[in-house]
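Single-structure report; data block below.
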Amino acid sequence: MAYEAVIGLECHIQLNTRSKMFCGCPAEFGAAANSNVCPVCLGLPGALPVTNRAAVDAAVRLGLALGSAIRGESVFARKHYFYPDMPKNYQITQYDRPLCEGGALPVRLGETRRGFDLIRVHAEEDTGKSFHPERHGDRQVSRVDFNRAGVPLLELVTQPDFREPAECAAFLTTLRRLVRWLGISDGDMEKGQLRCDANVSIRPPGQPAFGTKTELKNLNSIKGVEKGLAAEIARQTRVVTGGGTIEQATLLYDADHDKLAIMRTKEHAHDYRYFPEPDLPLLRVDQAWVAAARADLPELPWDRAARFVARYGLPDYDAGLLCDQRELADYYEAVAARTDGKLASNWVMTEVLRVLKERGWSLADCSARVPAARLADLLERVLARALPGPLAKQVFAWMVDEPGDVDALLARHAVSVRSSDADLIPLVQAALDEHPGPVAQYLAGKTATLGFLVGQVMKKSGGQAVPQAVKELLEAELKKRASAG
Amino acid sequence: MSIQRDDVQKIAELARLEIPAERVERVARELSAVLDYAASLGQLDLTGCEPTAFAPVLAPLRADALDGRRLTPEQALAQAPEGEGGFFLVPPIVENLNP
Amino acid sequence: MSAARDAWRLPATALAEAVRSGGLAVEAAVESGWAGPAAQWEADVRAVVHRDDSARAAGAAAARRLPAEAPLRGVPVLVKDNLCTTDFPTTCASRVLAGYRPPYDATVIRRLRAAGAVVVGKGNMDEFAMGSSTEFSCYGPTRNPFDLERVPGGSSGGPAAAVAYGLCPLALGSDTGGSVRQPAAFCGVFGLKPTYGRLSRYGLVAFGSSLDQVGIFARHAGDAAAAYAALAGPDPCDATTRLSPVPDVARWEHGVQGLRFGWPANLWREGVEREVVAGLEAAAAALERAGATRVPFDFLPGEYAVATYYLVATAEASSNLARFDGVRYGFRHEDSPDVRALYTRTRSQGFGPEVQRRILLGTYALSAGYYDAYYLTAQRARTRIRREYQAAFARCDLMMMPAAPTLAFRLGEKLEDPLAMYLSDIFTIGANLAGIPGLTVPMGLAAADGRPALPRAVQLLGPDDAEPVLLAAGRALEVRGEVARLEARHETEVAWPTKR
């Protein structure tokens, strides 16, 4: 019997603010151990938290992008558990009155688009880092570093709306794109800037009640999420079909070995003893703040992609790809504004992305060398049939490394373009004369031979002719010969 | 009594305290005395009284800037019972799971 | 009399004036209390837990370099051991913080130093401010200088006793449920708990965060006002400090003509010692003499406040004290096979029995299944209590009531009965729950057969930001309602303890 999986995600987004959530320490990554700490984030006696406005603003922006309701008055709470990387042995988070509630993230799944509903988005502080026990003299010790303690996080909790691991992967890809798009996080899962835990249960299809869920942790890549969930669904299915019952548990997924480890079962469940953080009075985000954040919000990726489809006639897929990064979409649109949108899309997706990939560049690196106007200029030549495609690609490659406009580059590389009829007609004549067979076939109605003839002319031109122009000249000349014949 | 011996053990574990077996009974009695006393709040009319959890003011927010309170690793570790190479050292963490 | 040798008898403001005028060196101002009264009393009273002559000298040298206008320049101040200081250990009288030296000064300490005052040491206290007698200290109890068989009150018993015997004219304590006002009453000094949020809590080791407030001990109302003016004000490091302008305590000299003071006599109809009631009557008569009007009414009995407090304060304490785990600072149990054992052993050996009791109580009040019945109910009761005060202050400018139901009690008297100890805070807890200011005003000594004369006192409570009114009334009581003496600064009697 096939079971249906029910999955809910809990995502943590590490914000890219300058300072930490509740103190003025750098929130940067990679500093020497315990060098980005102060009395507050080290949990020293007497230290008090003060909330970072930029972190709250990031939560408001994400909430608005997701269509969540922004609470005018929200409350920080303390969540208690003892762990060496928790400086105060409680975490300042939000509990029953979070900043953002509801909303949905629209996700493309193949040809369809679906909104996955959210329960909440709230702000909280990150923990420090503790390391696996290691040998130290005659005993074992664990090392602890508090640089990460207090770095701002947003926690996003979804409804249990997912049925397939692939849906979760698509959701995370979309979420990562969104937080980058909004400029609130770098969203790199490998660096822990985007983290994901999943709640999983299975049930017979058609059964409305949920089964017992397990919590899957340590999912540190999007592929890992997909594989870990698949492994856990398979495990639960084996247990249930074998006549067993699922026990509430927390599992760690080891992506390297595709293995699950059960960490904790219900009898050790925590009692977090949440209560309102008395050191932080009510957090008020008033209408003016929300209005300003809304006004400042960029056009969202899915809206922009839809506009690209409508305005430039791009296929859904292409529009989605161009809206993968805000800078890419901006660049595309700047090119499209000066030339044909479809041609611009093809060039940005192939030539520009190829350069980024080959050279390991950011879009900014590339656009600094080939600004949108320079690329548009090139594409206008292509459009006017003044440059053959392969040559245009060559010109683009020169553009990346050299200054100068199209003509200057052609001159510098001693390339002349045979684009005038006067240049091409002798070549067309020669090709027709040299290949009477295909000409006869064409004239007999087998027009497919035209492609062969175009190829011959292109060869004679040394690749410098524009195929469309050659094709038209050939057709005109053949027409002449037909009537003459 | 509001609190039984088992409750004492349970909350002691949550609070990471160890109550010697011979003292559990007494602690249960002392805590119960306070809780029974607190039950007097049941006589107070609390209609329309929302909970007051914190000061009736709004939290001022901090600009996203660095400040001068940062410590060097040496200062951070100066009071640590055990530290080395910029890290705090603790006995092995066996519950290798951070909730 | 030698000015330098007897400088300790001067009010803080007069001492600062003497330093400003050049008649007294900063060092002499600071050392006078150590050379005279401390030499006589400290060995018996044991008010000071961290003494460091070179740190004290360095503090005096720093004060000497400040401009002459610094309002408290040269004034020695003993500071409760739960306020972070870089030059003295800060241990909260707990083994769990043995030897701890903070890398930062509390905001009130910075402001104290900026005003020219010199921190002369750290005062004894009940461990983590949990207690009403200063008997729950890892350093042993402080004794009341008026009767060494009796407690100085608590939890800020060290600073209260030091001001009482003359070590310093000012001291800082903390008041979560009466820990400044009750020991002030037991030791016969002024004790001000400001409005919640007026003095920064940054660097005050937290007990009950929503209740804690740094408080001021002084021998004179004017000194308390001067210290308040130097310390109060918003702090960007404490989100709970009030941002509105600090009330102007210079108004304290204006007297109490036309003030209405509430007289909730139902509160002391039973369970309050006769001498305490006599103190209230004397104070009321003095205020009336100075032109104030008594407004009798009944008020909510204090038992509800005690019940509320012991759920709210312990819940917050159980959370605030979670950080003491032997990882980053303080005591560590050295023989722990794993980190969980480290926590349990460090905390069980590091915390004393009263602290453990309160952590357990607070953990219970917050735990699953009991949160609504205990913590949430208490927070709702807190709203009710604050409303009761607001309603009372619609009828009067301030309220008078005892600071404690008894005079100073004997050492050991309440040690075995936690609830009885908790009830000694019955008159002070309400102000912390409501966030309002309170002032203990000494009312001389109550003599009795068979025991030394003991200080008696009254407590004045006011609405938010009523510090100027409280201090004005305190000043009127300091001169026993003699209006003619209100303007004469510095010239009031102080009940000094006598050595027997």
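A few comments on the model shown:
Chains: A, B and C, in written order; residue numbering restarts at 1 for each.
Basically, contacts are C-beta pairs under 8 Å (C-beta built on N, C-alpha and C of every residue); 3 or more make two chains touch, one makes a residue touch a chain.
Only a predicted model underlies this, so the values are computations on that prediction, with no experimental measurement involved.
On a Cα centroid basis, the chain most remote from chain C in this structure is A. The most central chain, judged by the distance from its Cα centroid to the centroid of all protein Cα atoms shown, is B. Chain C has its Cα centroid 58 Å from the Cα centroid of chain A. Centroid to centroid, with C-alpha atoms defining each point, chain A and chain B lie 41 Å apart. Centre-to-centre separation between chain B and chain C, using Cα means, comes to 24 Å. In chain B, the residues touching two or more other chains are 14, 16, 53-57, 59-60, 62, 69, 71, 82, 88, 90-95. Of all residues in chain A, those touching 2 or more other chains are 39, 42, 50-51, 82, 84, 142, 144, 271, 273, 275, 278-281, listed in ascending order. Within chain C, contacts with two or more other chains are made by residues 100, 103-104, 210, 236, 239-240, 318, 322, 325, 327-329, 339-340, 343, 363, 367. Those residues of chain B whose C-beta lies close enough to touch chain C in the complex are 3, 7-8, 10-12, 14-19, 27, 30-31, 33-35, 37-42, 44-46, 49-57, 59-60, 62, 69, 71, 75, 78-82, 88, 90-95. Within the complex formed with chain C, the chain A residues making contact are 39, 42-51, 78, 80, 82, 84, 87-90, 142, 144, 271, 273-275, 278-281. Against chain A, the residues of chain B that register as touching in their complex are 14, 16, 53-73, 76-77, 82, 84-99. Note for the complex: chain C touches chain A at residues 82-84, 90, 92, 97, 100, 102-104, 106, 201-206, 208-210, 236-240, 315-316, 318-319, 322-325, 327-329, 339-340, 343, 363, 366-368, 371, 375.
Touching chain B in their complex are the following residues of chain C: 100-101, 103-104, 196-197, 210, 234, 236, 239-240, 242-243, 303-304, 306-308, 310-311, 318, 322, 325-332, 336-345, 347-348, 351, 356-357, 359-361, 363-364, 367, 374, 376-384, 386-387, 418-419, 422, 435.
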